[in-house]
Amino acid sequence: MDGVLGIEEYLVVASILFCIGLLGVILRRNVLLILMCLELMLNAVNLALVAFARYSGNMDGVILTFFAITVAAAEVAIGLAILVALYRRRKSIFLQDLNLLGR
Amino acid sequence: MSDLIAAILLVPLCSAALILFFFRRDADTAAKLSVGASAVAMVLALFALFQNIEIDAARISWLKLGDFELSFGFLLNGDARLLLFVVTFVGFWIHVFSLGYMRDDPGKARFFGGLSVFMFSMLGIVVADNLAMLFVFWELVGFSSYLLIAHYFHTDEARAASKKALVINRLGDIGFLLGIVLTQVRFNTLEFAELEQAALAQPELLTAGLGFLLICGFVAKSAQFPLHVWLPDAMAGPTPVSALIHAATMVAAGIYLLVRIDFLLVQEVFSLIALLGGAMALYAGFCALVQRDVKKVLAYSTLSQLGYMSATVAIGMSGLAMFHLATHAFFKALLFLGAGSVILGCHHEQDVFRMGGLRKRMPWTSWTFLLGVLAISGVTFTSGFFSKDAMLLAAYEENLPVFVMFLVGALLTALYMGRLHWLIFHGESRSKAARQASESGLTIIAPLVALALLAVLGGFVSLWPESLSSVFVQELEHVHESTGNRLVMTFGALAWILGLWGSWNLYARTRDEDPLMKKAPVFFRLCESKLFFDEVYDFCIRRPLRHVAKVFEALELLFISGLMVRGTAGIVALLGLATSAVHRGGLRVYALWFVVGLVVLLGYALAWWEF
Amino acid sequence: MDVAWEMFLLKVFYGILALVAILTFAAYAVLAERKVSAWIQGRVGPNRTTLPIVGDIPILGPFLRSLGLFQPMADGLKFLFKEEMCPGQVNRFHYHLAPILALIPALSVLAVVPFGQYVASTGADPIPLVLADLDIGILLIFALSSLGVYGIVLAGWASNSKYPFLGGVRASAQMISFELAMGLSVLPVFLWVNEPGSIGGLNLARVVDWQDNGWGMIFVQPVSALVFLVALFAESNRLPFDMPESETDLVGGFHTEYGAFKFGLFFTAEYAHVIVGSAIFALLFLGGWHFLPGVEDPWPIGWSGAALSFLWFALKTFAMSFLFIWVRWTLPRFRYDQVMKLGWGKLLPLALGNLLLYAVLASWMG
Amino acid sequence: MNEEILFYLFSTLMLFGGSAVVLSRNPVNAALYMILALVSLAVLFLTLDAFFLAALQVLVYAGAVMVLFLFVIMMLDVDLRERSRPNIMAAALGLVTTGAVVAILLTWVGEGSTIRPSVGSVPTPGNPLAFVTGSKAFGYALLTKYMLPIQVAGFLLLVAMVGAILLGRRTKLKSSEGKDGS
């Protein structure tokens, strides 16, 4: 059974997920959704890391993912706090309304 | 006892600082603080003078550049002691006078702050023991006089006058600074004591050029020819300022400088100063004769008296100059304060032809002013008589042309001062303001009385304490022993009697216009034009300079403002415009660029792997 | 059919069995709730429902009827056959999704909850009866139960109505708050169980093993047990912490707009929560299926022993469930801010201090 | 065999969830799809024998992070649907560049290993940092090699907590000030 499922399958899935997230970041205007898409990208990287760890038989990648999850939690907490503060100030969470430069 | 001197110096400074930082809104406190500070300074100065203390050699290093070292120290010899007394004493009474004069002024706190700064810088000049320190305080005096002249900064006149004073003083100070630098280069020291020794040891180092440079400062500060034009204009300041600056202290600083550095000056310089001084005594007298503004009359009178002093210094009798400086400080301050009292009484009316008949309404002012007039005219046994007589004697012995000029000057002095007094206090009141005038309060009368006492009695040398009179008593005795004593005294008496009598005849029953204008119109107009000095300056200096300035302005507009400032700004702005086209705060655009960068990076990495 | 496939089918079978069991329990827990509340309030409770054949048995039938044992069936049928109402203002998709999301985590937790032991005749170590004997058991329970909040939040939001929304927001805040204290309260237990030299891990069965002398963990770590119990009440939204559905101020809380079968799902989910929570408490602190303190387990070898151990464990679980009901009908409700203060201000520091204390103790004892 | 089924099933689900996040107009839907993607990812972790991480993934991401997201979405309680369609140019450009990234990544991926080392359940004394299924390895790694990072991470969480509290509080003060002023 082993050997059928190689690392490249995981990496392909991870890179596709990463690009989906990236596309979301580029296309979406809602800051909330952009944050979510960033989380998607982060998770794609997590998947790749775990796959690397599993295929190299080493714990490091998994531990790194562990830290990534920790940091992501902190990041989301702060990001959402900023978002709520922004919303209270500007009554909008759409990027084009938050832009103070240009236009 | 440097500490005591330092205390005298620092008390006004502290007062100024306190007013600046804490009492700008609290004018009454500021005034009390300033007056208190000047009182403390006077008491300390009197204490220092009557204790006859010696100055130890304690010096504070201020600036050290390689071998070159600048330090602050105190030199308190005879003339410094005399001037210290004059400045603190007269300064104190002027402060007291200001309390009354400036009572309702909106800028009262600012004014008293300025007075304190001025006291500080003036005292600094008095006690300085080297040229560098003197120069620092010299500039501070210039700055504070600028502040005070511009007190009524909302009037164009005061603004222009303060600017003029500042610019002309800078002009002189440049020469002075160059002279100081040259002195340092030649003698490798700036201290008066060391300089004196060096000048005695190497007289060949003294040149006319050095002397001319050094007296530039004197010429500007003492408003001597040809830089005298600022002083009459400076009357735009409040009257106490005119009294303080233009009678007792600031203009005296020039004379004082001359006395301090007279060992550095050579004969040619002295000759020039003597000539200029004599001419000034004459010229200013003529100008004063036709002025309508009471303060301008006094200003030209000051110029004339300064001419006396500088010429006296130039003919080698600096002690007599200091003596006249002191007595002049008393009676000129008295006259200015009296004029201030009159102006206050007439609700800021300064035209003498709109006054008249004030004798009964302002008796104290009238009588003290009369004493001042007598003193300045050199009426026998007033202070002015003693000092002026001595100067006439000295001139008679040393330099006859100067003597003649002095004599005519003395006649003119009596003439215009008499004119002033008759016009103000005698005859009929010629305006509503004059008819409604009333005597001023105690804070104004007290200084008048105190200064009148000194103006009358200041000439008796025996009344002076030893430590103050030492500077001039010797020369005084010397000139009195000379042969022409009696002759000169007669001439002097003739001069004031003639002057006062003439003025009584001319002006005692004047109506609204100057009788001289009818009797000698050409002479009158010549005097009124002040010999076209302002016009000549305007034509010879201001207009050509304006053209030069226009050229420079064009250059600046083109190169500095245009090419360098706007040009660099333009380049930056262009760059900014270019970059801001990408950088518009669009988060998604940033992300896109990020991805593009990622693609490039990955592509590069991939290609690198395949190679 | 190969072995793996067989194992897979077996697990599916067991899973279905467990589901049926838990749903039955939940149904009867509702009955218990009603009966106990009636007794506490001096009433009789449901005693009318009966079944055609069983109820006709002479003495036993009326007795069962008076106990209300047939009531849950009637209730279930009622939920099933009521008209499915859907209010006009709701977000249809989320409105229907919410009860499903509420029930799934409550039930899926079962997978790692051991419910008995099987001792093989060879005299080997007893094998815990559990669907998935995972190393990370307690972590998975926390993970899955933390998903339960979505059902409530979504229900509150999708109802598009004020009170449900408030209930939903309250529920999510409360669950997030108390989850922390709960996790921290369990840590000392595992700290204690994972002595040096042991295999280590977060397996629940191992905790039960550690208590095989019959002395429950509650005697060793009473504070942990207290914090866990309080947090359990809050997590399952039971009184005195039933903020999300406090009838007096929010009408029905998040399920105000729900009726019929969807309401039944919420209902079931809540009781499933109660029962699973009771079971976990019994496992962690009451010694699981082990017999009384100081008494050797009397379970015989083989399947009969396994059944007995399961029954004993079920007894403990029911006792805990009874405690839940008892508390509900005894204590008044907290105010919302009091709940949050209790969570962050009291329980969390207490749990932290407790963890610190046991960490120090563990290192001191080697 | 099972793993393969799981992998294909859940990676499809995950990619579907991710795409739905990007495409859905309603943020609540997006959040729900996000949860789907995250849980699917947890299952993928399971297929990689990373049980602990899978549980953690569900606990932290699905259980806490996404609840926060939902919480904020509901708190703001406005119409969060995007009003305008995405810029065609931006969409095209984004598609092209991400496509390029995918292409490059995929060409890179082709040379991977297919050999999956067998794993034990607990770390061995000889190789304590080897990949194992048990959670004990985490404890071991975190307390030895990753001692400093774990402390830094803890500190980071503390800072984040303080920051979040501060951000929330300050805006509250600001808004009350605004009320006073108006």
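Order as written gives the chain letters A, B, C and D; numbering starts at 1 within each chain.
Everything that follows uses one rule, which is that a contact is a pair of C-beta atoms (placed from the backbone, for glycine too) under 8 Å apart; a residue touches a chain by one contact, two chains touch by 3 or more.
Keep in mind that this is a model prediction, so the values were computed, not measured.
Should one ask which of A-D and C-D has more C-beta pairs in contact, the pair is A-D. Centroid to centroid, with C-alpha atoms defining each point, subunit A and subunit D lie 6 Å apart. Mean C-alpha positions place subunit C and subunit D at a centre distance of 29 Å.
For the pair subunit A and subunit C, the distance between mean C-alpha positions equals 34 Å. Centre-to-centre, using mean CA coordinates, subunit B is 99 Å away from subunit C.
Shown for subunit C are the residues in touch with two or more other chains, of which there are none.
Residue positions of subunit D touching 2 or more other chains, listed in rising order: 1, 52, 56, 64, 75, 90, 93-94, 97-98, 101, 105.
Shown for subunit B are the residues that touch two or more other chains, namely 588, 592, 595. By the definition of touch given earlier, these chain pairs are in contact: A-B, A-D, B-D, C-D. Considering their complex, residues 1-13, 15-24, 26-30, 32-33, 35-37, 39-40, 43, 46-47, 50-51, 53-60, 62-63, 65-67, 69-78, 80-85, 87-89, 93-94 of subunit A touch subunit D. Every residue of subunit D that touches subunit C in the complex is listed here, in rising order: 1-2, 28-29, 32, 35, 51-52, 55-56, 58-59, 62-64, 67, 70-71, 74-75, 121-122, 133-136, 139. Residues of subunit D that touch subunit A in their complex: 1, 3-4, 7, 11, 14-15, 18-19, 21-22, 27, 30-31, 34, 37-38, 41, 44-45, 47-50, 52-53, 56-57, 60-61, 64-65, 68-69, 72-73, 75-76, 80, 82-84, 86, 90-91, 93-95, 97-99, 101-102, 105-106, 109-110, 112-119, 123, 129-132, 137-138, 141-142, 145-146, 149-150, 153, 156-157, 159-161, 163-164, 167-168, 170-171, 174-175. The residues of subunit D lying in touch with subunit B in their complex are 90, 93-94, 97-98, 100-101, 104-105, 107-108. The residues of subunit B lying in touch with subunit D in their complex are 588-589, 592, 595-596, 598-599, 602-603, 606.
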